[in-house]
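Here the structure is laid out as structure tokens; the discussion comes afterwards.
Letters are used for the chains, namely A, B, C and D, taken in the order the chains are written, and counting of residues starts over at 1 for each.
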Amino acid sequence: MELFVQQLVNGLTLGGVYALIALGYTLIYGVLQLLNFAHGEVYMVGAFTGFFVMVGLGGPGKPIVPVWLMIVAMFLAAMVVSGLLGVGIERFAYRPLRESTRIAPLISALGVSLFLQNAVLLLFGSRVRSYDTPRYWSGAGPQVAGVQVNPVRILVLVLAIILMVGLTRLVEKTAFGRGMRAVAYDRDAAVMMGIDVNKVIVLVFFVASALAGAAGVMVGLVFFNVNNYMGFLAGLKGFTAAVVGGIGSIPGAMLGGLLIGLIESFTTAYVSANFASVLSFLVLILVMLLKPRGLLGTRAIVKV
Amino acid sequence: MRAATKILVGMMASGMALAACAGGETPAATSTAPAMAGGSTSGTPCTGAIGVMAPITGGAAAIGGEQLNFAKLAVSDYNAKNGTNFSIVEGDTQLDAGQASTVAPQLVSNQAVIGVVGPAGSQEVESVGPAFADAKMAFVSPSATRTSLTSGAFPTFARVIPTDDVQGPTDADFMVSKLGAKKVVIVEEKTSYGAGLSSAVEKALKEKGVDVKRIQVSQKQPDYSSVVALVDADTSVVFATFQIAANTKALANTLQQQSKKAVVFGSDGSFSADFDVPGQYVSSFAPDIKGIPSSKAVADAYTAKYGEFGTFGPPTYVATQVIMTAAAKDCTGTADRAKTSSNVLGVSIPDSILGQPITFTDKGDVKDAKFFIFKIGDDRKPALVN
Amino acid sequence: MTVALAVEQVTKRFGGLVSISDLSIEVSPQEIVSVIGPNGAGKTTLFNIITGVYRPDSGRILVEGNDVTGLAPSTIATKGVARTFQNVRLFHNLTVIDNVMAAMYGRTHAGLVASALGLPRARREEARVREDAKELLSFFGSRLMGYRWEQPAYSLSYANRRRLEIARAMATGATILLLDEPAAGMNPKETHEITEVVARLRGERGHTIVIIEHDMHVVEGVSDRVVALDHGVKIAEGNYAAVATDPHVVESYLGRGTAGTK
Amino acid sequence: MAEESLAIGTDEWVAAHEGRTSGQVQGPVARTFGRLPWWVWGSIAVLVAVVLPLIGSTYLMRVGVNLGLFLMLALGLNLVVGYAGLLDIGYVAFYGLGAYGFAMLASDKFGVHLPTVVAVPVVVAAVSIFGLVLGLAARRLLGDYLAIVTLFFGQMFVEFALSGDAITVPGRAEQVDLTGGTNGITDVDRFSFLGVEFSSDRWYYYLLVVLVVLLALAVRRLDGSRIGRAWKAVGQDPLAAEAMTMPVNRLKIMAFVVGAGIAGLAGTVFAAVQRGVFPSSFDLPLLILLYAAVILGGSGSLKGALIGAALLSLLPEALREPSYSEMVFVLLLVAGLALAVRSWRDRIIVVVATVVFGFVMNLLFTLLHVQGVPASAWTSGPVSTLLGHWLFVPQDRVLWGNLGFVGLVVLLAVLTLVGTRVRPILLPAIVWLSIFVWFVRLADVPSITRQLLIGALLIVLMIVRPQGLFGRRQVEVL
């Protein structure tokens, strides 16, 4: 039972991070039908930004500002930097290809991904950096069923939920959200309705990338380590989560992320740590074969 | 119009080429930096290129970058001291045996290359061994620990670090006799290094009647919490065969987060300033080179130039020294590949920066290799405990 | 054999919406039948059911007396029913002639190995198919001839795309052609030409034709018989004059506009 | 929605767009290529390939072998993706299955040493069956969903290979070692036919030349055949293809099986030439490069696949050698400059301004008292002395190099945003800065530079010519 609760918490935290990355994928896909494979790198840059803000504020050993302020600063900086990076990527790597085949931006996305990984390697070196969270924040946290639940994990989970709810409201209630949905539904018609499509797309990229930036900082806080290659695998998991949940669907991305996090932590616990990845991929293949459009996906990807 | 284009392009190209020629010397200029000031001491300086096979990019770049930088440092130090003119040729393997088997013939084809430092992984050594044997190219690995590599299959191979069969029992002994371990969890990275060492330790522990559980994790795994949850409360030691010290630290932090009492015992990959959680243990085939007076200069020079470093760098420095010493012996002008290769096993570095003398057995292993075990103190610095 | 195509008591629902309700239509060989009705009457759904894209909830489809209900669309096409699409679905990146040759898949036989090795049998077949394709395209006069063979389909004008789609349907070897709004988006001159083409399809090639059309001039010009649908129910059937003046038909069209125009 | 945009009047637009894009890269390339018939080019390529080993080193042979394998894979993937339009992201797994299959049937791993003439067909058949199973499972999935399932399949293969050294079988105490885990399977047998052993890379090289030529000829035949046309039709519009007598599912599965078989065959050769198989060889980096090759060449085009694959197999190799990578850099700089500035007068102005700019920067550095190494120390002679005043080399090369790198990326980004009028003003700074960054920083880290250049080239090539070097403009309707 203890193990179960422990893995539940672990799976939910990991899933929360995947979900935030998946949200970005889903937003961009929903509006542009574009698989932004550079999204993982945006998340990596977010994690690095958070790290450098922390170092700039005195480092894990002796922060010069209160810890909560430091963390807020880390999140804000990472979200802004990642958001701007996402906008830049859209402007330079995707916009020129908007009228092209679907696969062309896929390749330029991979190019961006390779470029960013190595640019960070060039600029900051290959050393793995550590957020070292326990040195400035090691609250005991509540006990649940005999399991110590770490406060950082709770924060991450709560924040992920807040961001998701906020995003849903943004899409459903605001003018920007209406513009977004219009562009997603029919870009040409949206132009004729006087919607500035470029502006909407830029904003979508900013929001999606800012979420990835937040996810980057969260990973740093909970799992400690950041390096220049961390984005690829996380991006892959986020992409998977988005598709399993039903790409284009915001609750789907959240569900998909949590599901994958839980599958990973429970297979590790109850089946085999060694085969956790193999099994989780197998489960996902089965999900996809049974529900080809993802769990909550409604719109057909290809209209027949 | 077209002719004019050609002329301009031609002009540009030649201009660039000029710049390129001038610039092409830069890498050599750095590696032979002090040569400008000092010049050669006597006769013609011994010249030759040393191939460095390491995961310079890709997932294990943290290791390869350090190895490459230490090799560069070794070359510039050695050149400055001995008036030689050695240089470095990089070979990026991404820790993949397939890439390594492409890089090896490239180094063989490059006539300037007289010896190779690396490759980093045991599986890479296996895949490049035959090619280097055919070419009579010496290759000295700073990190391949699989015991079987020195069983005679690769006559030109040597390494400056002890094998898994040396480290395994040493670590197991310590866990049982000093830490009183009854129950040990081995968390093993799915790398060639992790697999070999974990097996060696598991075997040694089981012979001592210790309850051993083995958990395999991916090196790219971001989150250890699911793994840590599998560590029972009465486990006393978690042995981590990680290559990246920061990962060991994340493991230790996660254990503490889940209020597990077990201490983390990291293998040599974890011996680095990156793994600094008080109360944990780490073993290494080299003492802290910053603590050795004779090695301090190298450590400081490295830190000043490239920043912090871990375990994989200093042995690379020594491996590079071994190749250069072998090449410089009886060298007039250009060093010779075959001669270098036959000289390697005779090289002796009595005061290596690893704090132990380096001489080789006839199989290419280091003689009388010792292991050092450290406990990380409250000051976050390792202190020798064995 | 007196019935080329029979739709027997077909019903199709999407969720709660009944798109086709207990519909029966019979088409004799070499007959031209028009299906008319306001938007959403279930005309295209009917085509999708006949060609096997949708499976009817009940009822049967017979092609020359054989039950084809539930077969794969490609099988039904091979058995003699080919169609065009309301919103032209050519293979846009293939050349004009390749579009036509591709549709001859069902009546050619060269297998993977024979094709890859270029066995004489496969090459003979290929040459024959190419000649057939050229002959077929010549049906449309000079419109799709000569240099146009090797042009990609997307570079054709809209009217030529419609023509090519008909040529492609003919290439399947089907005797029954289902034409979904062949005159949509065309100017009066082109519309007139299409009317002639449809007539020639029967006259020269002996095709049985079912045609969905909004343009009443076309319907009047070509139809032997007209079937009017509304909400998936057949509301009138007969010759053009009778159907066009049928009170039900007039009423169903007046709900949205005047009969005779779109 | 897309259908509407193709409606009346788009023909002119398409034609005009084609005219606009064709002038840039494809123009001269395709023209030169089109001047001679395909078999002349083919013969020249084969002739070069046959003669090459006579002059080449062992390294060149190894590069040739890698190229051959890559060409085979690209041809296979081109059938699946370029023709049938199936986004198969697990393609490399079939390559891995072929390699592991051969390694298991012909090595000491299980003590089985099947003769090559038996092992290879068995493995290829087995891999094709895997293709069939995956194809059957995924036959109803469309577009991106197919991509994700195949991606899972590919990842599952890598994970399985990695974890397959400790499989717990119910009812057996000992764990079973199937794949050797991270250590892979080593000491794989070499190929041998009729008692002749393929003892060196040269043998495999020639074998691959034969295989690639046969495969290319077969693909060429398929291209103009019933099956090839049907694949292309299915790739563009499955529904219309189905209505036009083409059994879409069967054709898709056929493409999957053929692609898998080709990859499996390449895998067996890989295992034999490498004499070992390791999980890391079959992971995403190879897949990415492969996709890039097929798309870059022009999806669905035979010569595109061949040339794209050749380019992306040889380019990373060339970039390994610092002097070649310098050449690529210089070429890029010159070509970029020639493309960015179209008028002669402006080009001359830019070159002169670059020279002036360098001296100004040098002066600036000196005024700011930045510690520097005189560039003239590199070589001797008047040119380098002059160069020393033109190109400042700071003492702290990492810091200044990194700053320069970031500045360069920003400037390049700005360059694409501003109008043609402002460009000549920015260009001198960009040219100087790129030379500065190259010599101060990038030349020191060739391995990272190599990856950076590959990434940048992918982006630039896609933007300049999204349909690939030899692809025709594609219209997507769905």
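Assume contacts are C-beta pairs under 8 Å (C-beta built on N, C-alpha and C of every residue); 3 or more make two chains touch, one makes a residue touch a chain.
For reference, the UniProt names are A, D = Branched-chain amino acid ABC transporter permease; C = ABC transporter ATP-binding protein.
Since this is a predicted model, take the numbers as computed values, not measurements.
*Asks:* Compute the centre of every chain as the mean of its C-alpha atoms, then state which one is farthest from the centre of subunit C.
*Replies:* Ranked by distance of C-alpha centres from subunit C, the top chain is B.
*Asks:* For which chain is the distance between its Cα centroid and the global protein Cα centroid smallest?
*Replies:* Chain closest to the assembly's C-alpha mean: D.
*Asks:* Nearest whole angstrom, what separates the Cα centre of subunit C from the Cα centre of subunit D?
*Replies:* Distance between chain centres, rounded to whole Å: 44 Å.
*Asks:* Rounded to a whole Å, what is the gap between the Cα centroids of subunit A and subunit B?
*Replies:* Going by mean C-alpha positions, subunit A sits 35 Å from subunit B.
*Asks:* Between subunit B and subunit C, what's the gap in Å when you average each chain's C-alpha atoms?
*Replies:* The computed centroid separation for subunit B versus subunit C comes out at 71 Å.
*Asks:* Where the CA atoms of subunit A average out and where those of subunit D average out, how many Å apart are those spots?
*Replies:* Inter-chain centre distance comes to 28 Å.
*Asks:* Considering subunit B alone, which of its residues make contact with at least two other chains?
*Replies:* 57-58, 216, 218, in rising order.
*Asks:* Hunt down the residues of subunit C that sit against at least two other chains at once, touch-wise.
*Replies:* In subunit C, 53 touch at least two other chains.
*Asks:* Give the residues of subunit A that touch two or more other chains, as numbers and ranges in rising order.
*Replies:* 118, 121, 274, 277, 304
*Asks:* Would you mind giving me the full set of chain pairs in touch?
*Replies:* A-B, A-D, B-D, C-D
*Asks:* Can you list the subunit B residues touching subunit D in their complex?
*Replies:* 1, 4-5, 8-9, 11-13, 15-27, 29-30, 36, 56-58, 90-92, 94-98, 101-103, 105-106, 108-110, 122-123, 126-127, 130-131, 190-192, 194-196, 216, 218
*Asks:* Using the touch definition up top, name the residues of subunit D that touch subunit C in the complex.
*Replies:* 3, 6-8, 11, 14-15, 218-219, 221-222, 224-230, 232-233, 236-237, 239-249, 254, 258, 300, 472, 474-475, 477
*Asks:* Note which residues of subunit B are touching subunit A in the complex, please.
*Replies:* 57-59, 61-66, 215-218, 220, 222-227, 229-230, 244-247, 249-250, 253, 256-259, 274, 306-308
*Asks:* Show which residues of subunit C lie in contact with subunit D when the two form their complex.
*Replies:* So the residues of subunit C in touch with subunit D come to 51, 53, 72-75, 77-78, 82-83, 85, 87-94, 98-99, 101-108, 110-112, 115-118, 122, 125-126, 129, 152, 154-158, 168-169, 171-173, 185.
*Asks:* Looking at the complex, which residues from subunit D come into contact with subunit B?
*Replies:* 57-63, 66, 162-163, 165-166, 181-184, 186, 201, 274-276, 278, 280-281, 285, 317, 320-323, 326-327, 330, 333-334, 337-338, 344, 347-348, 351, 373, 375, 377-379, 383-384, 387, 391, 393, 397, 435, 438-439, 443-444, 446-448, 450-451
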